[in-house]
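Order of writing sets the chain letters: A, B, C, D, E, F and G. Residues in each chain are counted from 1.
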Amino acid sequence: MPLKMLESFMNKRISLLLKDNRILEGKLAGYDDYMNMVLLDTEEKASDMTRKLGTVILRGNNVVRMTLID
Amino acid sequence: MPLKMLESFMNKRISLLLKDNRILEGKLAGYDDYMNMVLLDTEEKASDMTRKLGTVILRGNNVVRMTLID
Amino acid sequence: MPLKMLESFMNKRISLLLKDNRILEGKLAGYDDYMNMVLLDTEEKASDMTRKLGTVILRGNNVVRMTLID
Amino acid sequence: MPLKMLESFMNKRISLLLKDNRILEGKLAGYDDYMNMVLLDTEEKASDMTRKLGTVILRGNNVVRMTLID
Amino acid sequence: MPLKMLESFMNKRISLLLKDNRILEGKLAGYDDYMNMVLLDTEEKASDMTRKLGTVILRGNNVVRMTLID
Amino acid sequence: MPLKMLESFMNKRISLLLKDNRILEGKLAGYDDYMNMVLLDTEEKASDMTRKLGTVILRGNNVVRMTLID
Amino acid sequence: MPLKMLESFMNKRISLLLKDNRILEGKLAGYDDYMNMVLLDTEEKASDMTRKLGTVILRGNNVVRMTLID
């Protein structure tokens, strides 16, 4: 059911909190059963720094939680 | 049996303690065998800060314990 | 055999030491093969603070050891 | 072969070093393939403190090494 | 789908952020299902130091995220 | 092939570096596929302290590397 | 494909970075699917110290990356 919810996040901008407190924001373009994800137009926020990363492949085991950005 | 208990938490507000001491409170809208969860109307509490997160997908391996909020 | 021992703890108050040094005390109401557990009337003790938590679902991989409370 | 050795430790007092440097000493009353163990008349030694714990169920993934106590 | 995206990174220069904050930049020459990777002409950046490493085999479980270098 | 090499270490004194920097030296008397090991006449060296441990069962996932002691 | 690359490293001197920042340099004499490895004529470099270790069996899950030494 969480994976089905992930399906409903497709093609929308999401915010991901990672285990190292990094935040990635991007458009969800793909995912698999391990919550590996592909993000487009990604921005990374760590402490007080923002970087544009473009297309990102993220390993799912670094993820704490995901939310929609409205 | 813990998963059956999780079933009884469905559509109720729960509080989740994560491994990084973060607390998520939200209405449980879904879960799977890995204790990945979908939460609605979620609030996140870390140290002395509260943030509204809305709909959250949580990776189960970050969870320490869950309780009902009455 | 440890799981059979866990069976003998059912409906008794147990004390659980977690990896983050937190202690949970509650009545064991259920468990599964991963040592995920359901506890009733749970109290949590961390450093010098005690909190009543009521019904708790605990992820087994946080557990270090369990003992009976007499 | 290590599990066969564990069999030879049955009903004897053993000392277990855990990953958090805690030491548990008790009579080995059971174990499984994951090195989950049941210990009787257990004493726990952490830094300079000793506590009697009685019967303990230990999760195997916390264990570093085990020795016989003579 | 993230692995299919990885396929589209083949023979291109990518930047990898590792869990220890190390960054590897190199041409992706191979990968497997665990996101183990082979990189050519690799440069490693840790804190304020850059080292040329040539051909690198990377264990996938150290990876946080990957991006294309344009 | 590493396990076949381990076979060639049987009945010889080996030195094991553990993840917590502890060193165990003992005669290898058994092992399994997870690199769980049985050591005889074991000595443990941590910081500047040496302790005789006798027969030791070691959980393989604590091991970094093994060498022969000549 | 990374394992096939590892095959091409056989009988050559390689440098391995471990998760604890230790570096092992030796001739690759064997490996398995978990990237467990056998190294010959191994030298270990940690902070500013070098030690000769001879034949080493290394557990693969400690490895970050491998490179050829020319």
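Here is the rule we use: a contact is a pair of C-beta atoms (placed from the backbone, for glycine too) under 8 Å apart; a residue touches a chain by one contact, two chains touch by 3 or more.
Bear in mind the structure is a predicted one, so any value in this text is a computation, not a measurement.
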item: Chain G reached from chain D - shortest hop count over touching chains; value: 2
item: Centre-of-Cα separation between chain E and chain C, whole angstrom; value: 42
item: Whole-Å gap separating chain F and chain G, where each centre is the average of the chain's CA atoms; value: 19
item: Shared interface positions of chain F, touching two or more other chains; value: 61
item: Order around the closed ring of chains, commencing at chain F, then chain G; value: F, G, E, A, B, C, D
item: Chain C contact footprint on chain D (complex, rising order); value: 18, 20, 22, 24, 29-32, 36-38, 42, 53-59, 61-62
item: Interface residues, chain D side, partner chain F - complex; value: 1-6, 9, 19, 35, 60-61, 63-68, 70
